[in-house]
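Have a look at the structure below, then the notes.
Chain naming follows the written order as A, B, C, D, E and F, and within any one chain the residues start at number 1.
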Amino acid sequence: MFDKLFDTKSFEIAEAHCDAPCGVYDPAQARVEAESVLQLTKKILDLKRPEGDDAKAHAAYQNTLTRFITIKETRADLAKHHLMVLWSDYFKPAHLEKYPDLHELFWNAAKLCSSCKQEVSLEHAEELMAAIKRVHEIFWESKGKDVPWYTAS
Amino acid sequence: MFDKLFDTKSFEIAEAHCDAPCGVYDPAQARVEAESVLQLTKKILDLKRPEGDDAKAHAAYQNTLTRFITIKETRADLAKHHLMVLWSDYFKPAHLEKYPDLHELFWNAAKLCSSCKQEVSLEHAEELMAAIKRVHEIFWESKGKDVPWYTAS
Amino acid sequence: MFDKLFDTKSFEIAEAHCDAPCGVYDPAQARVEAESVLQLTKKILDLKRPEGDDAKAHAAYQNTLTRFITIKETRADLAKHHLMVLWSDYFKPAHLEKYPDLHELFWNAAKLCSSCKQEVSLEHAEELMAAIKRVHEIFWESKGKDVPWYTAS
Amino acid sequence: MFDKLFDTKSFEIAEAHCDAPCGVYDPAQARVEAESVLQLTKKILDLKRPEGDDAKAHAAYQNTLTRFITIKETRADLAKHHLMVLWSDYFKPAHLEKYPDLHELFWNAAKLCSSCKQEVSLEHAEELMAAIKRVHEIFWESKGKDVPWYTAS
Amino acid sequence: MFDKLFDTKSFEIAEAHCDAPCGVYDPAQARVEAESVLQLTKKILDLKRPEGDDAKAHAAYQNTLTRFITIKETRADLAKHHLMVLWSDYFKPAHLEKYPDLHELFWNAAKLCSSCKQEVSLEHAEELMAAIKRVHEIFWESKGKDVPWYTAS
Amino acid sequence: MFDKLFDTKSFEIAEAHCDAPCGVYDPAQARVEAESVLQLTKKILDLKRPEGDDAKAHAAYQNTLTRFITIKETRADLAKHHLMVLWSDYFKPAHLEKYPDLHELFWNAAKLCSSCKQEVSLEHAEELMAAIKRVHEIFWESKGKDVPWYTAS
């Protein structure tokens, strides 16, 4: 059914084809969002519920907690979005031959984004960072470019 | 790295786990968007450029054409989004054992969404519908529910 | 003021005119979102606050509760959006003659979406499902097509 | 089915109830968007296609035309959104008794938003402005507040 | 670097240039959102946590509190967005000569939007309203039009 | 009016305060979007209108051109958004003392984003890249971190 789409004969052709929309991809987009997820997870775990009955302090606490949780949700969703764009738009059948675990890598990374939404888990947030670091390595290797990994936080 | 996430022992456990966020998935969401993509592709191909120099007729033509192209873009993107949600959120490792071509099915469907954006291709729009019909069959089979395929157009 | 827009002489003309943008409408879109609202309402009511002072358990509880509430909000808003599209774009004056309570049906359904946001009410979530089932019946009857009602959950 | 929701006994109760979410509504939001629709419609009609074969001039022309059309689409959609919020959230059954043509007014205004997307029609853009002016009058009258109508363009 | 962009010789030229996209700006858009922020801040501070262990009452309370906080976030973000559009799109170098504190005014207003997200502060919500009132005055003065300030709440 | 907000006494305090929401900022986000703008500008200028009357070729050409223009619009808007976040959220009064042209730098960069929407101008797209490179330098200098500038295209 998909013959015509995918009969690219070589890696070079696949690369050239990848330039069709705008040709600008960078795993840094997913990495920035995943860093936010990690930082917000830490902040949620560190947040102290105020003791006593001060209504203002309680409102401030709930405001901060709710914001951290909903911003974590948004950031994890953006990380997933940027990962899905790389998987479905940038990577071509020729890449899959070279990186046979490509589908598993992205499936697991996407599922980690969901875990980071559903849980307050430092472990899963760090696994997501590790998965994106692996995407960064494969991506730049496939472009034949040496871009060092760094984090903004 | 992902051991803890995915050591589901059986299909039933995977199913139960899938209810964690809200448990409501329906490939009809992707199907409705893909139908729009197909209809808009037809309309773009059928649209006649006005002859002569009537400025109003020309403005109306450009308005219609631009809208069909940009709405096609939006609809193809939504189809892709709904497909990605099914792939990354609903389907679990136990499903992959039963449907070993799961990753390929969704990867190709996602790439067809991109083709339907980049081209004005009836053939690819129909292939996208066929891919979503296959997703519909697998999905409802995995839920043990008999839901007939229909189209709204 | 609106004479020119609405002087459709017959049901058939209205139907044909409805194809102007893309002609693909399906109340299934609103139904899927309302199902989510119903499931999330149930989950919020079922969620147990953890006893004791375990900070991690408390963070997990707040994370889950906040997500259920904000996703319910988003889903109810999408249900409303899909209903408004049907009301304002699909239904034409000729339909209103045949279904004189059309405006009331959609106004009440829209107000139920708001209630489902503002409250944690199983009753209103079920009333919203019932209203959408009624929309489904009118819609497919007006298209002369027999599409059975089903739910995904 | 909707008894409980709508058994408001008086206008005052309806008004008070309207404060439940945040109580801030202003038809100015819809008016600003409709003004944009009107201005963009004018600009599309005034835009001159460049004569001759200069590629840069042609690209600039297409860029401007495409932007005007897509921004008009977005603005008409926002106008519709703000109108739907007023209709479904602000106005209550007690208002309907006082303004029996409320549903028709908003249905027609919503359909005018669609016309302004689908056409390049000064006439419909001006009818939309007139419909929003009528909404402005009813709205502020119902609030017992005297707010003069003005336009920003 | 930016010479060509900004060598507008007079106020009139700047004004004319400002009409290039659609020419419709109105600080009322930012004002409506800031009013929501102020009202929601009040509502959060006024909300009473239910006494006792009634699970339904507790769910309703959390639902209301979470919605007020997240809607406040959205509204403050929209206020900021509308302010940034005025600052970056409407105001031109010729305005800066006339209003030398333009940058400070908008920078502080933007930072107040962030404060109103991060805090539950009546004081900062009122300062945001005051900053937008000042924007309203400068804006209409620069257009040579007399538009009275009013609030919708 | 804004005294309390901004009486930060030193650079270090400003830095610490900056961590309040999530502390993760990276000019790479704006850079990726601006690269897209530059690439799409090139592609629009390079696109050849098909000769002759082949309707399919014409539809394909219009589809590609319209997509390039609207995606350029979206990307320029995202570049602007990421720049505005850095200006209004990350940078504090203590930074302004060290970089007195901060406001001008961001105002001009924001105006370049608008130019890149309104025009098909390689020159302005390159000026936008240069402005973001300057933001990159100031930003990482202010964080005391050495992050090399690179592009993804």
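Rule of thumb we're sticking to: a contact is a pair of C-beta atoms (placed from the backbone, for glycine too) under 8 Å apart; a residue touches a chain by one contact, two chains touch by 3 or more.
All figures in this text were calculated on a predicted structure; none of them were measured in a lab.
Traced through touching neighbours, the fewest hops from chain A to chain D number 2.
Chain pair with the larger contact count among D-F and D-E is D-E, by C-beta pairs in contact. When chain centres are set by their Cα atoms, the one at the greatest distance from chain A is D.
Centre to centre, using the average C-alpha position, chain A and chain B are separated by 22 Å.
Between chain B and chain F, the centres computed from C-alpha atoms are 32 Å apart.
In chain C, the residues that reach two or more other chains under the touch definition are 21, 66-67, 70, 118.
Chain contacts in this assembly follow no simple pattern; the graph is neither a line, a ring, a star nor complete. Checking each pair of chains for touch leaves A-B, A-C, A-E, A-F, B-C, B-D, B-F, C-D, C-E, D-E, D-F, E-F.
Of all residues in chain E, those touching chain C in their complex are 55-56, 58-60, 62-64, 66-67, 70.
Interface of chain F with chain D (complex): residues 44-45, 47, 49, 65-66, 69-70, 73, 117-120.
Contact residues on chain D toward chain C in their complex (touch as defined above): 1-2, 5-6, 20-21, 80, 84, 87-89, 103-104, 107-108, 110-115, 118, 124, 127, 130-131. Across the complex, chain E is touched by residues 21-26, 28-29, 32, 35-36, 39-40, 43, 67, 71, 75, 147-148, 150, 152-153 of chain D.
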